[in-house]
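Shared chain: subunit A. Partners: subunit B in the first complex, subunit C in the second.
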Partner chain A sequence: MGANCSIFEVGVIIMDESVIQNVLGLYEEKIDSLDISPKEKTALKLSLKDRYAKMRYDPGDAVGVVAAQSISEPATQTTLRSYHRAAGAGLNITQGLPRILEIFDARKVPVTPSMKIYLKKEYNNKDKAVEIASSIKETDLKHIMVMDSLDLANMALEVELDKGIIKQFNIIPDKIISAVKRKVKNVNASVDGNKLIFEIKKDKVTIKDLQALRFKLRDVHVKGIKGITHCIVERVGDEYVLYTLGSNLMKVSKIEGIDTSRLCSNNMFEIAEVLGIEAARNTLVMEIIETLRAQGVDTDVRHLLLVADAMTQSGEIQPIGRYGLSGSKSSVLARANFEETIRHLTDAAVYGLSDDLNGIVENVMIGKTAKVGTGLVDIAMKTQKKEKPKKVAETKE
Partner chain B sequence: MKDEEIIDHVLVPKHKILDKKEIETVCKKYGITVKDLPKILKDDPAVKMLGAKPGDVVSIERISSTSGISVYYRTVI
Partner chain C sequence: MSEVYVNGYFVGEHDSPLELIKALLEKRRKNQLPSTMNVAYHEDKDEVQVNIDAGRVRRPLIVVENGKPLMTEEMESKLEKREMSWDEVLKKNIVEYLDADEEENAYIAVSRKEVTPEHTHIELDSSLILGVAASVLVFPEKNRGDRLNYGSRMAVQAIGIPLQNFLQRDDTTYNVLVYPQVPLVKTDSMEAVGLESHPSGHNLVVAVSTFYGYNVEDALIINKASLDRGLGRSVAYRSFVTEFRRYWGGQEDMACIPDPSVKGYRSEEDYDMLDEQGIIEVESSVPEQGVIVGKISPLRFLGISKEIKMGLQNFRDNSLTISSGNSGIVEKVILTSDAEGNKIVSAVVRDTKTPEVGDKMATRHGQKGVIGLVVPEEDMPFTADGIVPDIIVNPHAIPSRMTVGQLLEIIAGKVGALAAKRINGTVFKGEEEKIRAALKYMGFRDDGKETLYNGVTGEKMEAPILTGITYYYRLYHLVSKKIHARSKGPVALMTKQPTEGRSKEGGLRLGEMEKDCFIAHGAPITLKERFGSDKVSIPVCKDCGVIAIEDHIKNRTYCPLCKNDVIVNVEMSYAFKLMLDELRSLLIYPQIVPESS
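Right, the complex of A and B next:
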């Protein structure tokens, strides 16, 4: 086991010694701190190295197929469980198979976009956390009023504000009025204690106009960030963390007291836009791991890393499927085999495309040995001189 | 987000522009041309602040759970 790449000239030497050293370096301290004899320590290190070497893939291994199996087999097992979930405490974020599909299909906006917000050290207490949460959560006029009623005598609209909420969130009535005036024109507003009185600037005001105004006013944005419908504070370890429903990295990052270095969202496209494709790849991996782990699936990360790398290799996040990876394969036969067979074949005929038969699917279709595994090489021989391992005797069929 | 905030972010690995010699060694090591490398957009936030132009190669130092630090390469397009 463990590919000895130097014998073959497959093209790439997949892993060099430095990688093993890198990984062992991570565990070196841990091993040194163990209460065992030096002899046992070296033995442990050696066996670790051996194990690691054994876990490597051989050149020519069909890693993509193995990754596909390793993810989809356990995914089918979780199907039944995933759709049903009793309403638990906190936010109900899409999980299970629907979420896995969403990730691999690379939907532009997830069904439940969500953010995880950490706070700076100085802000890490309950009061400040609640205050920040309230400044993030989208607050409309309907959230801060007790009732709105039509004053038919004066043909005006009265909105009674909730005293407690206004005091808690520190909302000034004048601010609400200016927010209203930004959205609705031709309106006169005045403050009367706890009430806001709105009048329409018009000669003949009908009840219909007032009713229309009433419903318009309810949706006036007063405070917070648009699109973030919920924001809850949770204590994780010795830290207060905010979880949101709705996502807007740009705007949230500008709020004071937020630890921007750990701000993350489950919307990969937003991350790609704000932080770049590499950050999006990391999010992608983390999201898949989290969703799978939540279902009790223990897939090796390397399969997921491979998928994430494939999805982000073009510089943008590509879905897996007809309009993404499978549709952008270079081989005509492979594409024709997947979906829309006739379109691909006629296109190939019209444009005079050729197929190099390098992939697996093409070779299976025509009944030739695919270039994977042992089919990768025709004949490989060890040359006598070990110093010059590059020369390979290769015969073609 | 500001540039420093992007650099400091936990999700963003270290990006670096390679010079001509380094590009050559990378291509030689893997037996490929610059075209064959994975791509990164020129207006990608992490690349934008490096001032990379299309055709440049960026090295990315990923912190990997399986291999310590792994270096990845991308061509700017």
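Right, the complex of A and C next:
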């Protein structure tokens, strides 16, 4: 390039040399420790720098398209089999393509919400782990009873409790009764050995009333955290880890003995609510990586980071698709090109919208050069005359 | 209480369904109830189904009682010698027919050897566990299951003799193999299926070897001399039909050699092959898009006055031509009429298709491939006996697909050819040891391998190569009917974009995802070039953003709204212009705002 030429301003940011230095600094020590001559060391550093510079994306590269292709091409090859046995003891957590879809569609609640709970050091033994697990797992009355039956003679409901379970979970019958009273009003309860007897405070009790009570009682929440249907203790390395089916981050994090710094859930929205959007972004990335890895797909993290950034940049998790990122594009034509063509075109007509033709799709549509890659740059030249240095001649499309 | 249904209608309930069924069956076997009756107990639904209606598919099975088949081996030989009739067997209830329902309750042994007291029936023959499609495969038990699936799927696509009366017919398309052979390695059910009288392949000498890279990726090397001798040669028939219609006003289509004054007249030599009736002579060769039947139709619209004044005949040429990509010799012409009495002319054109590079062939083991190279016989490898293979298959086709049956067929075919005997390859009936022993007895290695000599240099090849005979199908996927390329060509009227499809000489679509690839590579200028097929330059009013009117008579371009003539030419794809027009028809007013500069 001649002295009179310069890169036309199109928002190109030349990467600061210091960034490269920072990255290379990570390897500096390692290179210095190698058993090679100083000359070779400098050569190695130089070639490393060279490599790094080459690996960077050039200005104008369609990063988004590359990310999309890098994720979706291998995703088409993953199995459609959705369930996979995780954590040995039989928790079925959605995997594979359905899970990937679930993440990118940003569904409010995953099909199988799940948590991974680490324990604090002093609680890290089998007994404590099992105890915590049992305190997390949702226990309803139906889980701890042997049977319930109607006592038609006394117009009462008898619930026989399971001795073993009660002992194991350390549940006091009085506690159950208070739990029942919280949920169902107008009930008298008494304990008779293993049996709980419930009577309805009403003048004329019908069988229908008793039946209704019977089904209501079954779902009375006795112990644990609502929504967590399973909780399994697994030994991972020298640690005991709890895996759950069902997720409730807020409540679980309040339980004593839990290492809240490593507590995680696969429900991104819950994380965004409890821990904030940055945490949700990280979970998003981790979840995608994990599901892809499980299928043997090894996609570069940076593609996933880009997607996660795009999905969370508004401060809340946006899905990719009609109601999310694609639907919030600024260009009318780009939106019309994607989905709901008629709605976008009529809206544009009603509100008198205009399209500046800055995006890619719009330009492809109308047959213009899109502003990516080689289409991004224009040649501009300062005129030779010194009198009018400010006038710039543009080449036209 | 289980419910009892007869022919699907509820008739009552019964306490012990199993006893009911037992009693019914006993009565049927004593011929007190019709043998066409089938009884089944559905345990899951707790219901008894009794069926005596028509339309059920039933199959014969030998009855087993107390672990003993009622059909003794003695009876079997009697049946074979026709000393005993099938009716007798049925009458004695040695064999009974089960429908799909009753079959669910039966416990059927595949062979005599595995009969236990629990068994209720035994197959007439062990190969009957296979259906029609699978039963024509040889040594199926030695192949992986999916290969059988592929094998029987491809057998359907083989060119053979579909019908023996093909000379009398005029189907739209059909292929007939010229020298079909009955397979050397056969199955028992082939005769029943009709493949003995309608064979669809050839027994080819196969060598399992590489050949200068021309048979990688499942390609096949084929011997030129074998092709010349008629290997895989087939005749493709195609019929072309035209109808002579009558219109109101007494006008009608006419068959004739069109007069040069007729609208759309081709040229004199185009009508050369037609006789005075305008119908092509049998056995004349027709080129691509050649005329078969000369036909003139009345004009759909009367032309503009100029034409009428000039005294042109009010007819247009509507001759029947061969569609593009087809040519051949006229086999026969059929003259007939339809229900309304309109004359119909149908001409069958035949074309001989010799296998060429790109044609598809397959074995009965799901091993398909495309011809990669046709080699002159003198360059093909040969055995010490002077046997030159017809086909060379790449050995890489075998291990990953585990088609052991194919290897066995090669050996069995070789034995069959040497002993002039057909070998049985029915399921569970192939006798590998016997085949190998027979091959050894005839002086060959028992693994079928032979020393080959390089056809070009005459050198002995280092490794012995498996050579033998395999039955090959020629599948009807012929390159000559698929090959397609275009540079410029016809465009669709509405969009000005290239047409689609081979028959319309269409372009190959650069789709949505392909477009993304261009963008991902950062090459939008290349993309613009590729999408430029419908590029147009359109005059647009600078103020209104509306497409301007080009008046050639007044030689003026002006805006239809403001009559202004400040016009700029905007380049865009025609499809986009079309979209703008469509929006306008929806009363949406899309404006093009040219860049101000």
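We take it that the second predicted complex is superposed on the first by the 321 of 397 C-alpha atoms of A that agree within 3 Å, B and C clash if a C-alpha of one lies under 4 Å from a C-alpha of the other, contacts with A are read in each partner's own complex, and residues count from 1 in each chain.
Simple rule for what comes next: a residue touches a chain if its C-beta (ideal position, glycine included) is under 8 Å from a C-beta of that chain, and two chains touch if they have at least 3 such contacts.
Everything quoted here is computed from the prediction, not taken from an experiment.
In the superposition on chain A, A:V66 makes contact with subunit C only, not with subunit B. Of the two partner chains placed by superposition, A:E339 touches none, neither subunit B nor subunit C. Of the two partner chains, subunit B is the only one touched by A:S261; subunit C is not.
In the superposition on chain A, contact of A:D309 is made with subunit B only, not with subunit C. Touch criterion met: A:K368 reaches subunit C, while subunit B stays clear of it. When the two structures are aligned on the shared chain, A:I360 is found in touch with subunit C, with no touch to subunit B.
In the superposition on chain A, A:D192 makes contact with neither subunit B nor subunit C.
The part of subunit B that touches subunit A in the complex is made up of residues 1, 5-6, 8-13, 15, 29-31, 38-41, 44-47, 60, 62, 64-70, 74, 77. Listing the residues of subunit C that touch subunit A in their complex gives 515-517, 519-525, 527-528, 531-532, 534-535, 571-573, 576, 583, 588-589, 591, 593, 597. Partner subunit C is touched in their complex by these residues of subunit A: 58, 60-62, 65-66, 68-69, 345-346, 349, 354, 360, 363-375, 394, 396-397. For subunit A in complex with subunit B, the residues that touch the partner chain are 11-13, 15, 19, 22-23, 25-26, 249-250, 253, 260-264, 271-279, 282-283, 301-302, 305, 309, 312-316.
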